[in-house]
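Report on the structure given below.
First chain written, first letter: the chains are A, B, C and D, and each begins at residue 1.
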């Protein structure tokens, strides 16, 4: 019977194999481009309209960029690293036992470094503009904003779980698109209230480069809790013993 | 020969098995998020532009949110509850015999509670903003608005039936996306005239929290009739005895 | 040896079988909803902004409505009538021998009646608004507008042919979406110049209800020629003897 | 042992077979329509709003047109020419050995002629409007703009490689859509800074017709380098010896 320290060491070794290293690189690339495109589109609409935070067109710009970018980066990372691209997804999967804790930690590191790098590159090449950070509307409480981000992250992570579920039927290939789409809808719904981050890495990177960690907790606590509840609910209640007969018995 | 009361009891029992309960939970989750994202995006664009009901950009915001959200929530509910997420769909399926009446009633209850809950949560976390309700343009009659909502619900439900049809060919996986897309197009076409609800649950939830049931009948009568006609036409005329040879005989 | 009158009679009989009648109904339904959603979204944005023809947001509204609506109505008609929903597509397929001339004529009749009906219903239920017609920018010539509509119809029909081609590989299911997408892109590119109809039925219906057939020829000549060239080029040059080895030899 | 001149001749002969000629025609058609729709939508939004370069709605117009058009033209060229439609993609594939150098040269010629033709047709039929060229924001350096275009081309080409990879799982059919989507997100992120070309052919064609090659190098150097790095990284690091077990071992 192996002592637990051996198990820990073995799990750590698993986390630094060649395959695992490729996974971290994959998470790095995908998170880098997701943050680059989302934060870049925010800067882009701010450049065109300096009071952009007051205009619904900017909301459309960032929402479409988020939707399109997320679908794409999930696609390129899907078969290598599992396509997390979001510390909240990784957290939920670690809690649910789908990835080991050391792997989750390496994923987080890759995601956070990628996000900081993306914002840094934007800051350097777009001379004279600040990287925008996620902010909360004046009338919102920090708790309300956290609940809002948590609810949106719930549906995002629930969709990720559905997209990875091999028991899904012929609609399965759309999973990747729909995770992106629901992120876009989330930005449209939450944009002027809490920003619609749904991704702690995104909020962390822009805050690091902008040098302002105000309300940072909002973008971590809500999403991590929302993601974990979504994962546990999916695994243990809705799809615990999913019988294929059911789907044929109900509906057309 | 079983007396009808036995059949009724047995059908009722079927409606409270573990699988059935999971279906109601699934309808609850999907309807909650659909209403949350659609009504939230309406509040979001209203926040950015207080006279938002007069601006086409708000229309784009709500239409994209509706399309993206509906596709996603159908996807996560598709294999569990059949992905109704709409009392009009459930009504048409009950009339067409695809779901039993007790099941349909439980679906309605789940959908309506979910919608009220979604609007309530939005009302609570977004302090100081009212939940917007669906309204009819001044020059429209209630009858005209009901016909408009009915026509749009017709094409929505027709697409749902097509998406669930196992006889569809290789284009089948797109069904879920297209139900969302046609909902988005419906919002774009009907937005300033009747709101483009196409979903009685959506109209009911926002009216309940806003405390105004003015014109509520418009958002029930039209959609329920439109959905039922779509379902009956699909089952009995267009696809009653669909021969696979036909699709090869016409077209490229 | 059958005299040609017998062949004609037999072809005519083929055109009125039960399956054929279902095809016409399918074309009617799909064209009705396509025109309803596209023209409706034009009225919708005009309602919100009376000088809508001068605003790029209206362009986005109509373009997204066109894209989403076309994908959806093609999907519901695809396996029944072949999903033409456009007299230009039917014309090209008749020239290319994919549908018989009597069938093509019945398709045209169904499409044109559907378009007129859709505009009539919009005119009746939206009290006090005129149905917008397709117009040509002042500085454009009729010939230039016709060429523009023809070029856009070319790529639309070429995509329809690709989507129906059974030799396409795993990307095939996206065909329906992409026909809608390219229609949306066409509206974005041609909107303020010629309207971006790409569908004679759409232009005919709105002109009939508005009572103005000015420049109607532009929306027929260009699209019919563009569609025919696209069909002939696809059948005879690009995919005449498509060898599957080729696709593996080039590219990744 | 064949002298190298024989190999060159044989490779050249391969480049002018009937299949190869069809590939060039396919690249020509797809590039023509991509440039036509993207540059056309830029002219369209400029027509509606003469100071369009200052408005985020124009950004949405061009981004959606780019996304929808690129997905569509890749689809129609995918099985014939491999769906490059972009000199940067062709360059990366030539460097990676996926296409021979003579073929790559013919592809470039087809792509560049197509782009010039598309801009010429637009210039002729839209009387009195200039073809817009890609420009760099005042505060940006040429180097910064080139890096920005290179980064966006990297993710575009990486997605193209992923979409062509036969080892991809059930999500594979979405590849074509996602290449278009990421191009749209790129326009949203880079529009007001460097234009978001990500395609040297697009920049070359509009510059040729507008008669201004200012900053043209920016739209060649960055994309060619970004595309090449993406291709090499994909082939040699991330997917060099992709084991199918991995994708099952990580994630849900």
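Operating definition for what follows: a contact is a pair of C-beta atoms (placed from the backbone, for glycine too) under 8 Å apart; a residue touches a chain by one contact, two chains touch by 3 or more.
To keep track of the chains, here are their UniProt names: A, B, C, D = Aquaporin TIP5-1.
Owing to the predicted nature of the structure, the values given are computational and were not obtained by experimental measurement.
> Report the chain whose CA-based centre is farthest from the CA-based centre of chain D.
B
> Same or different interface residues for chain A and chain B, judged by whether over half of the residue numbers are used by both?
different
> Centroid of chain A to centroid of chain C, CA atoms only: how many Å?
39
> What is the distance, in whole Å, between the centres of chain C and chain D, each centre taken as the mean of its C-alpha atoms?
Spacing between the chain centres: roughly 28 Å.
> Can you list the chain C residues in contact with two or more other chains?
55, 57, 60, 64, 67, 172-175, 177
> Using the touch definition up top, name the residues of chain D that touch chain A in the complex.
Against chain A, chain D makes touches at 54-57, 59-60, 63-64, 67, 137, 139-141, 144-145, 147-148, 151, 155, 158-159, 162, 167-175, 177-179, 181-182, 184-186, 188-193, 237-239, 242-243, 246-247, 249-252.
> In the complex formed with chain D, which residues of chain A make contact?
Its residues touching chain D are 19, 22-23, 25-26, 29, 33, 36-37, 40-41, 43-45, 47-49, 52, 55, 57-58, 60-62, 64-65, 67-69, 71-73, 75-76, 78-84, 93, 98-99, 103, 121, 124-129, 161, 164-165, 172-177, 180.
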